Amino acid sequence: MLSQPTIINAQGLNLTFETNDGPVHALKGVNLEIKKGDFVSFIGPSGCGKTTFLRCIAGLETPTSGAITVNGMTPDEARRARAYGYVFQAAGLYPWRTIGGNIKLPLEIMGFSKSEQAERVGRVLELVDLAGFEKKFPWQLSGGMQQRASIARALAFDADILLMDEPFGALDEIVRDHLNEQLLKLWARTEKTIGFVTHSIPEAVYLSTKIVVMSPRPGRITDVIESPLPKERPLDIRDSAEFIEIAHRVRDGLRAGHDDV
Amino acid sequence: MTWVAIIGALAIWAVGWFINTRLANGPKSDARLVGLLVPIIFGLTLLLMWEWLVRMLEVNAVILPPPSAIGVRFVSELPRLWADFEQTIIKGAMTGYFFGAVAAFAVAILADRSDFLTRGILPVGGFMAALPIVGTAPIFVKWLGSGWESKAAVVGVMVFFPILVNTVAGLRDTTAMQRDLMRTYGAGYWPSLFKLRLPAAMPFIFNGLKIATTLALIGAIVAEFFGSPTVGMGFRISTSVGQLALDMVWAEIVVAAIAGSTLYGLMAWIEGRVTFWHPSQRKQL
Amino acid sequence: MKSVLPVLTIVAAILFVWVLAVIPMNMHLTADQAQRDGLAVSPETPAERQDHSGLGLSLRNPSLLGLTFVQERPRLPSPHQVAVEMWDTIVMKKITSKRSLVYHGWVTLSATLLGFAIGTGLGILLAVGIVYNRAMDMSVMPWAIASQTIPILALAPMIIVMLGAIGIQGLLPKAIISAYLSFFPVVVGMVKGLRSPDGMQLDLLRTYHASPAQGFWKLRLPASVPYLFASLKIGISASLVGAIVAELPTGARAGFGARMLVGDQYGQPLVTWAALFAAAITAAALVGLFSLLERLTLRRMGMVRA
Amino acid sequence: DDEVTLQLQWVTQAQFAGYYVALDQGFYEEEGLDVTILPGGPDIAPPQVLAGGGADVMLNWMPSALSAREKGLPVVNIAQPFKTSGLMLTCWKDTGIESVEDFRGKTIGVWFFGNEYPFLSWMSQAGIPTDGGEEGVTVLKQGFNVDPLLQRQADCISTMTYNEYGQVLDAGVSPDELVTFLYEDQGVATLEDGMYVLEDNLEDPAFVDKMTRFVRASMKGWKWAEENAEDAAGIVLDNDETGAQTEAAQVRMMGEIAKLTAGSNGALDPADYQRTVDTLLAGGSDPVISAAPEGAWTSVITDAALN
Amino acid sequence: MLSQPTIINAQGLNLTFETNDGPVHALKGVNLEIKKGDFVSFIGPSGCGKTTFLRCIAGLETPTSGAITVNGMTPDEARRARAYGYVFQAAGLYPWRTIGGNIKLPLEIMGFSKSEQAERVGRVLELVDLAGFEKKFPWQLSGGMQQRASIARALAFDADILLMDEPFGALDEIVRDHLNEQLLKLWARTEKTIGFVTHSIPEAVYLSTKIVVMSPRPGRITDVIESPLPKERPLDIRDSAEFIEIAHRVRDGLRAGHDDV
């Protein structure tokens, strides 16, 4: 693992939003190195800057100071090079396109051939258990199904870096478990680098090679936990002592952040 | 006499209203037929009241003819009404509507490329949209002559700004997340125009197109008051008033209302097809 | 404030095009006039000149270019002519004088405001009816649309005669025509606005068993305020246009509409153009006023992020 | 005082000087009348106003009034201050038009709104079709300005001697460049600017008495205006609420108007009436009136007023 | 407990939505009895009809067939008697009212006196830890704070029946734990009857006296679990064997429902 190249490197990142009742310090002195093939979870209280940090990585937000590189480029260059698949906190499907059409959207933009498009749409729909819903419009699906469609959309074009902002928030535990498993399998198979925001401690522990605990405003990283769990993770690994220990460490980190406020 | 007339009119109203209320709140109120029937009964009620009042109060036909007389005139003058319709609506209004809409569209897309242009064009557009037709129509007749061309120009100018303003507003009506998605794909200007902003703008664009239909009719007709050949709805209306042929005036008004409602309905229908996905089209309250 | 520069830029661009257009637009008249004044013009007869475009004629007679800007009855007045006329009639005349555009502006404005009040009131009432009464919902809208396709200039004289027949004259007939044009955007906007609360907001009130009146005052009305202002801004310009239109069949006595008509009738294009611009400026000012009110109200209501 | 409302057929201008003078000089007041003058405009049909009860008496051109009578609105001419017609066609000389025959293939601007009748009669008498083509004239419904001529969109336009013709000259055109066809000279003149009331009202002696006083005072106004053209123009200007009329134009108009009213003491000359009716009946396939009207004028009021 | 009167009684409830591509069978043959002072959780996969059932109880939706009574009345009559406090799945605050104004809304409608209103607003704001935010507008608060405000709004007028639809969905674990505790305290003190929808198994077990497990379309009740946990529940009860056993039973019920599909 250590031999893997660094994909994302943030050094001394600060980000301040100027609002008219004063500046909001969203990120403060954030240092983080993510290597190729890492699965990094971000966890922290609401409003601590998780989304903001993910957006910085994707070049959707520009840090006020500090440096961030992605594959040695600026995030903006990486974005233009189409290095990212991004799953937003809300599904954000285009209402005028069917589920299939929504998943096709990035493929059209990136110039995949028609047959390739069809093939990929079929594959990712299968992956998120939405086969048969290709022709439906977003509003004809329940909230959870929409969220799965948006995950499929991000997976369709095989970006090297996958950024996911609370992708499983609106799903029940069973579906969530299922998708967690699928995501892990995909990750193991493709060696993607994944950034993942969640509020669920077990989810963070179950999925990640690295757990980043953040504390609220100004958003700082208070703990970075390297997971000793193996790459192959059956669901019942969650009952293991190791798992529970890491979960405790995360919970403590979170609680500490809360008391700060 | 006056009292009889008024009480009678109220009675007609009450009957029509009673039927409509029953239909609208009845079990079949969602049926297509009822949806058509209710406005028709409403209209018939108004027409009946009109006929009744005109007859009972002995209103002179040079002031307000009864609907029956208008109907008779309408039927007997169909060929002439058709010629007027062709001249005013097809040549004047439609041409102007088409070019006005295309121009508004082009300018909107141009302006949309730059925030600076948009900021400049919208207020100036609002200013120009407030130029009253009674001022602009004579000017266009002076410039372009009495033919349909000047009418098309008046219409073009009248419909230009509502469509422009709505299109510009629509092109901006995307959520931050929808735009960010495009950015994560590294999408350039054209893909994000065609795949995001134009589809998102459609509800607004159709809003503009619908408003513009009624403006187009009014514009073409009123502009004829300021100079025209000896055919056209505006020509007929103004000369018929001079000849006190009010039934003819109303026959033309009926043509205008039918044409306007049809155009509006057509636009609303296309809107329904194109923006089927929009919440306002999805749920019927 | 951020818009000042862009607006100025667009205005400058329009002025530039306008100034250029003055030359070909006025060339024929200028050439005719110049010839009468003994200047050499080519081609030599008006009839021959008719065969040339304004642009072609300008190119053949460069010496006449300057004259196109100072015609007494121009086809297209130059910007400075309009500006001078407006200065003369707005600033240089006592505002009580009938030669002052301020005086005529007030005549039109008073009808506009009364008509706007009637139209807005009627529009809101209809919208409330449409939202709360299913029979009205189904029957009124198609006819409201049809009403707007009737050319107002055809209807106006009849309205005026009918009102005159029952002894109503003066401000009210004009205001009624103005209201006729302004009620429609208010109905459309307010129906949308009153229906804008979503299912959850409505359900909340149902769990409280709120009365329909409480639902109106505490939910539907506040929710419709942004739509109301959007409609008011369209409605006030429609009212102004209506008031101007109504001035023709009321004997074109005073007001912007009367100035436009008489300017047109007696070959004084500058009078028409000045009235036209004054009307547009008035509309812009009214719309600006409502924008301001809108911003203040919405901020107070917490509906814009300060 | 007895109230009288007069509906004009156009905006305030010297064409109506007599009435404004009578009002201004107190002639109406002397007769015990409280007169309101309603200006007209391009969208006002005075007969309609009369029918609606918005006015007691209107000014109108006789073709329009007779046509209204046939339409079932019984209006009656009670006085005729205008003896001669001021209506004419004004053409560019360089179009080669010299006589009526030369109209063929040309474009001619005509006022409608009830004023097209004399023109249509004339063309039908001359045997010229009015539906365009090489052999006929192309008719434009002309707006109320002289631009179609100045812009050369029409070869000829309708003008009044007292107003539009002057405007053409004001635009810098010299009379040499123009050819004019006065309807009077073509034998198709119809009576203009008469006073009309509703027939029913004439059965009421009080109304007749009121109108008698009204006509008497109005004619006094007209004669005063003829003699004091400049002052009359000034009075008209005072009454123009638009503030857009110019003194020069109104003074010139008053001068021309005086020529049209000069021959009349207010009483309708039956010969003029008959000539008007004949012209209108001769209107070819589509005559303005289908039969000679009965009782379309009365001398009762002028007889009483002028004695 | 057994001596408590029945508050809500549903017998053979069916509900079908007519949509343009055919009827959607949302509830099928639902029988449930809820007694005064019960804390009932509803859990089940997304789209199984939890919200729909809650809405039936509140008289916001009319069952196609079957009977439901609330305090012996129809739900509609109960609604007229203002028996319900309802917390919706999304916060649904009125944007033109401040937080205080939003909480006051039901009080105004129900005709509380001004001083009473002020007093109650203060009290419930305290309860959900939002004291000091009374004058802020909804958009000035984070998502989690908005949700708490909507809970405060439902608590303000002391309805006997509290219906809460995933009230803690958008909150992080720490805040959620805290609010769970508060809610339990309130319930213990006031003896309200509470209906509570959640996707979280631990939350359901921790809070409820009765857990209703539902299975997806057509929504049926597959299991009703009476909790043997005591009324006093410290947070660490979640590590007890009893707790874990109930959680397992719930998970099994959920899983069974999923396999049905």
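A, B, C, D and E label the chains in the order they appear, each numbered from 1.
Just so we're on the same page, a contact is a pair of C-beta atoms (placed from the backbone, for glycine too) under 8 Å apart; a residue touches a chain by one contact, two chains touch by 3 or more.
Everything numeric in this text was worked out from a predicted model, so none of it was measured.
Common neighbours of chain A and chain C, listed by label, are B, E.
Each step here moves to a touching chain, and the least such steps from chain D to chain E number 2. If you tally contacting C-beta pairs for each pair of chains, B-C comes out on top. Distance from chain E peaks, on a Cα-centroid basis, for D. Taking the mean of each chain's C-alpha atoms as its centre, the chain lying closest to the overall protein C-alpha centroid is B. If each chain is reduced to the centroid of its CA atoms, chain A and chain D end up 85 Å from each other. Chain centres here are Cα averages; for chain C and chain E they lie 54 Å apart. Centres computed as Cα averages put chain B at a distance of 38 Å from chain D.
Separating the centre of chain B from that of chain E, both taken as means of CA atoms, is a distance of 49 Å. Residue positions of chain C touching 2 or more other chains, listed in rising order: 75, 153, 157, 161-162, 165, 248, 261, 264. With touch defined as above, residues shared between interfaces to two or more other chains in chain B number as follows: 63, 138, 142, 225-226, 238, 241. Residues 55, 58-60, 79-82, 84-86, 88, 90, 92, 94-98, 105-106, 108-110, 137-139 of chain E touch chain C in their complex. Those residues of chain B whose C-beta lies close enough to touch chain C in the complex are 17, 20-21, 23-25, 29, 34-35, 38-39, 41-43, 46, 63-64, 116-121, 123-124, 126-136, 138-139, 142-143, 213-214, 217-218, 221-222, 225-226, 233-234, 237-238, 241, 246, 249, 252-253, 256-257, 259-261, 264, 285. Touching chain A in their complex are the following residues of chain B: 175, 177-178, 180-187, 191, 195-196, 199-200, 202, 275, 277-279, 282. Interface residues of chain A, counted against chain E in their complex, comprise 44-47, 142-145, 169-175, 199-201, 251, 254-255, 258. Residue ranges of chain C in contact with chain D, taken from their complex: 28-29, 32-33, 36, 45-47, 50, 72-73, 75, 97-100, 103-104, 153, 156-157, 161-162, 164-165, 169, 248-254, 258-259, 261-268, 271.
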